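Look at the two complexes coming up: chain A is in both, with chain B in one and chain C in the other.
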Partner chain A sequence: MAEVKLENVTKKFGDVIAVNNVSLDIKDKEFIVLVGPSGCGKTTTLRMIAGLEEITSGNIYIDGRIVNDVPPKDRDIAMVFQNYALYPHMTVYDNMAFGLKLRKYPKSEIDRRVKAAAEMLGIENLLKRKPKELSGGQRQRVALGRAIVREPKVFLMDEPLSNLDAKLRVQMRAELKKLQRTLGVTTIYVTHDQTEAMTMGDRIVVMKDGVVQQVDDPLTVYEKPNNVFVAGFIGSPPMNFIDATLSEDAKILDLGSFKLGIPSDMQSFVAEHAKNYLGKKVILGVRPEHIYEVALMKTEDLIPEAVADLKVEVLEPMGTEVYLYLINGPVSVVARVSAETRARMGENVKVMFDLRKMHLFDPVTQMAII
Partner chain B sequence: MQKDKLYSFLFILPSIILIAIFVYFFIFWTGFISLTDWNDIFPSFNIVGLRNYIELFQNFRFQISMKNTLVFTALFLVSSLILGFLLAIFLDQKIRGENIFRNIYLFPMAISFVVTGVVWRWILNPGTINNPVGLNQILDKIGLSFLKSGWYTDPKIGIKAVVIAAVWQMSGYVMAMYLAGIRGIPSELFEAAQVDGANMWQVYRYIVLPLLRPITLGAIIILGHISLKIFDLVVAMTGSGAGFSCDVPALFMYDTTFRGNHFAQGASIAIILLLMVGVLIIPYLRYSLKSEVKR
Partner chain C sequence: MKRDMHFMTKKIKFSRILIHLFLISYAITCLFPLLWMISTSLKSTSEVYTNKSLIPQSLNFENYIKAWTEGNFSIYFTNSVIYTISIVLGIVIVSTLAAYAFARLNFPFKNIIYYAFLMMMLIPIPGAFVPLYVLLVKLGIQNTRIGYILPMINSGLSVSIFILKEFFEQIPKELEESAVIDGCGKFQVYYKIMFPLALPAISTIVIFNALSAWNEYILAAVNFTDPNKMPVQQGLFIFQGQYFTRYELLMAATTITTLPIIMIYLSMQKYIVRSLTGAIKG
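Here is the complex of A and B:
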């Protein structure tokens, strides 16, 4: 239906820069998720696209047209708010019909669209109720319905699932995604929840302090994070970061209390890509699922140089898997192992760091090296 | 638990007794007097039934004062509500110096109706054709002399001039009520309506005004009972006016009772006034009690 383009968009509140020089190309029919911690500027960005917030500098295009000074009502967008923002004095039907009534659609067309949307969302039997008589999940659907009936060029969603309980959130996540596919409307979705971002977005935009950190599809963001922030923000439990020194010959990472040998088939790759860091300090990043318990491994997979002995401080059973909080001198990491683990709290456990999947970051710029 | 109940009952007992005597007993007493023939300086308690009421409704001055009070109430309510709402919208635009404006609008409420009455008597004193004073003089000076008027001295205007003073005094209060109400509406609703395609006027018309209905109702009750019982403002500003054109029931009651010594007749006016205010207040009390029980 429409492309959305942000060109060097900046927003200042007084001296505070909320959004700093953000450029984005959002494709037609794309589901893009803005994700980041609170205060990172994601909601402000969304509100600028909606026209609820003026932009300080830069340009916003919707469907090729600059909309910097176009009021929200003329941007042909629909927005779903965090706490739904349903009109409390109107019935569900009127809530959904309001935007169409203002746009002077004929009654029959309004009726057709409202009923179709209600059916799509499974709320046909609620049309005569007022918002206060609805549960959180039902309100959520009405808010979606209000956006759908307008058949806008762009959907803007501001943390629409954050007020739902965990179970419903997972369910709505899938439904929302399916709905967006069916309708094929360009959708910009804001969340602070990295799981939501990973599961829903065609691409995700990771933001911090008003600056875009990375724009990529979820898997790329997960596997090839641009910097320490993205690496730590995406993934749960988060990636482990360990201060290390890379040996001159790119064979060994010295973590202080123990050393890890880089697999022989990786060494030339490391030597080439991290050539400026040989013999220097780096930040080693290892995801919890890439630390294996040796006792549970097949011998042929074992790389003895990458094994270390760490003490189990805390053991968190999660059902199918267990999080081990391990410590050895200054090194403290989380490992995500199978529920069959033999590790016991307070005892030592041998684990292998899978350095084939490691990340190295520059300790000063925090940017990814590998 | 029992002890708690006893204590709380003891604490409110004094006020219950005082209210019972000085409010409810005297309402009853007034009702009784209105059925007697005490229409002289000496008390007399012979029951005459509804004679006082029948005479009252045939009384020319009473008819005028009733008509005046209806005109006054209607104009006063509508003008105060509209003006108060507009002032609230104006103050809601995040203008500079909002506090100053708010205080200015609210200030007249701090003044007694008597003072307001005296001041507006001066302002709306028409003066003479060759020597206009007050508002007429200002209108003359700024070239709007066609707007000059006899104000409350003109029997055709009469009570409507008093409305101006009453609106001046009370619209700030309505503004404060509405402003608090508007500020209580979550900002997302304004934004949702904007995104839905509403312009400023439509946001206020379709979202804000309906949401403020409880406040409008409250304001109507408060202004309505002030208006039906209005006395001090009229006394201070105009008195009953030329041909009773500014007369109101409360003033008529005062004149009848304390100047004319027709106590029974005065009591019957008081009861009529009570019934009028009751018509306004009882549904409101029932409504708010019901919603309190629901909560």
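Here is the complex of A and C:
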């Protein structure tokens, strides 16, 4: 078990900066998820920790030791690849035993570890098969088994669930998390799927263009995003962003086609935290679940100043809830409401924006104000 | 509508018959010389000229014994076995290493060197005989086994490297990276992962080069003056006289020379099909 530390790590491919000055402290036994869109540098960061990519500058520490020039095999890490990378010419047993054989472990120890890992993953009956005779889920388990038998200090996982179908992915997500808890191995997990990141990680590292945008536990990242990118990337459907003007007295947000009144108990908070933005343009961020259908609300919860009338453009029933795509002039938002909604496509619906849970962002720097 | 369908089915059936007829006649043209060779090898000297049928009147297996013993055929056969194994082994070792390097490693002038190898494919082997002969003499290896084996390895390299490079490039890089993390060094990645995975392509190379080495005739004639070092194709000449050819012995000898190649092909058929159709999946 080990701590992993990245200190101002940069990776350049020619003139392109793939990873820019990344610093991270990953605690022992922590499950950390690197998440971001394609090309954000998450996989490159993982590959640098693995030793598969040389770092351009900075330092990587595993268990307190600088590993910049240490070859992958001596870093005491195990990696699970997106396409599993099982050796097609070897049986499942040989695939799992390969790393141990190379390290010249005694046969009895190899056998013990392979069988223990196979039992843990429920693949004891597959040990004599070749990878081509396995399903996607089974291959995934073998790839995990290959990592487990090594008993490494750190697990590195590069989108290991992305080749599985949706149902199996959800199942494996939970199993993987449980497995990591049982084994207590520091795990660095790369994914582009924000749901995976939210559900699995003890902490999430959100990346964009090679730069770390935010490192926090999932709930904090969701509730207090650092900037517009994080706010928009985490959450499904994503947060609504609306260009607005904050009034001088911090009481009103003017959205162009309509105005929203900030609740009286919030006004002093807004005035204090957004004092440089009074009378200026801001970006209002509201999560879809924080736009309520007035018809379904209790009267005592209603704040009339925050109510607006919007037209239902599209209505997406999702089973237990419904996504309403609403429009009013330049304002276009998605609301996540109960399945009991009375809204109808093409008709207008009254909704209340819960400004107690609003986010304000600087329109130039895109950084969070509130 | 029904009539149209009927007409179309008829048309498809007719084209199928045509295709099958073509394939059957092609197979016959390929098989006939082989059958004639085996049939003649079992006939007596007089029957060769009198019995035109493919079925011999009596089976003269002694032709094989005569061919083997009378013409020192055992020496030529042994020579050919030595040459073929050495040449194929040499080509497999050098071409797999070179192709792996061309496919996966980065080194200066990689592409120039690779294209230089490819250009060798464009030079017909007899075109290089004069400079090759001079080189062999200057190196003092003319009329030696090594003086025959080395140029033969060289002549098989370019095509083999080309085939293997393409094959290595198809193998997912993650397999190598996984092996590196598992603890393999560069050379271990090559022989523990890449080499076994390339077996289908290597089999193709083994077959083609074994065939070419076994059937080689001209370079042996250029290089060797000592009859005891000649390969089997040169040995066949013994049965071809100036005035009279012993066809039954010549065909028995030819059958013997053909057998090893057929056996190699049959034993590696599975890999050849895979090399032409299969991809590597991890």
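Throughout what follows, the second predicted complex is superposed on the first by the 370 of 370 C-alpha atoms of A that agree within 3 Å, B and C clash if a C-alpha of one lies under 4 Å from a C-alpha of the other, contacts with A are read in each partner's own complex, and residues count from 1 in each chain.
The definition used in the following text is that contacts are C-beta pairs under 8 Å (C-beta built on N, C-alpha and C of every residue); 3 or more make two chains touch, one makes a residue touch a chain.
Since this is a predicted model, take the numbers as computed values, not measurements.
**Q** Do chain B and chain C fit side by side on chain A in the superposed arrangement, or is it a clash?
**A** Superposition result for chain B and chain C: clash.
**Q** For A:263, is the partner it touches chain B (first), chain C (second), both, or none of the two (neither)?
**A** So A:263 meets neither chain B nor chain C here.
**Q** Which holds for A:132: it touches chain B only (first), chain C only (second), both, or neither?
**A** Touch partner of A:132: chain C, not chain B.
**Q** Applying the document's definition of touch, where does A:232 land relative to chain B and chain C: first, second, both, or neither?
**A** neither
**Q** Given the touch rule stated above, what does A:81 touch, chain B (first), chain C (second), both, or neither?
**A** Both: A:81 reaches chain B and chain C.
**Q** In the superposed arrangement, does A:39 touch chain B (first), chain C (second), both or neither?
**A** Touch partners of A:39: none, neither chain B nor chain C.
**Q** Considering only the contact definition stated at the top, list the common interface residues of chain A for chain B and chain C.
**A** 50-52, 71-73, 77-79, 81-83, 85-89, 98-99, 102-103, 146, 150
**Q** What part of chain A is in contact with chain B in the complex they form?
**A** My answer: residues 50-52, 71-73, 77-79, 81-83, 85-89, 98-99, 102-103, 146, 150.
**Q** Flag every residue of chain B that touches chain A in the complex, lowest number first.
**A** 186, 188-189, 191-199, 202, 206-207, 210-211, 213
**Q** So in the complex, which bits of chain C are touching chain A?
**A** 172, 174-175, 177-185, 188, 193, 196-197, 199, 280-282
**Q** Quick one: in the complex, what on chain A touches chain C?
**A** Per the stated touch rule, the residues are 50-52, 71-73, 77-79, 81-89, 98-99, 102-103, 131-132, 146, 150.
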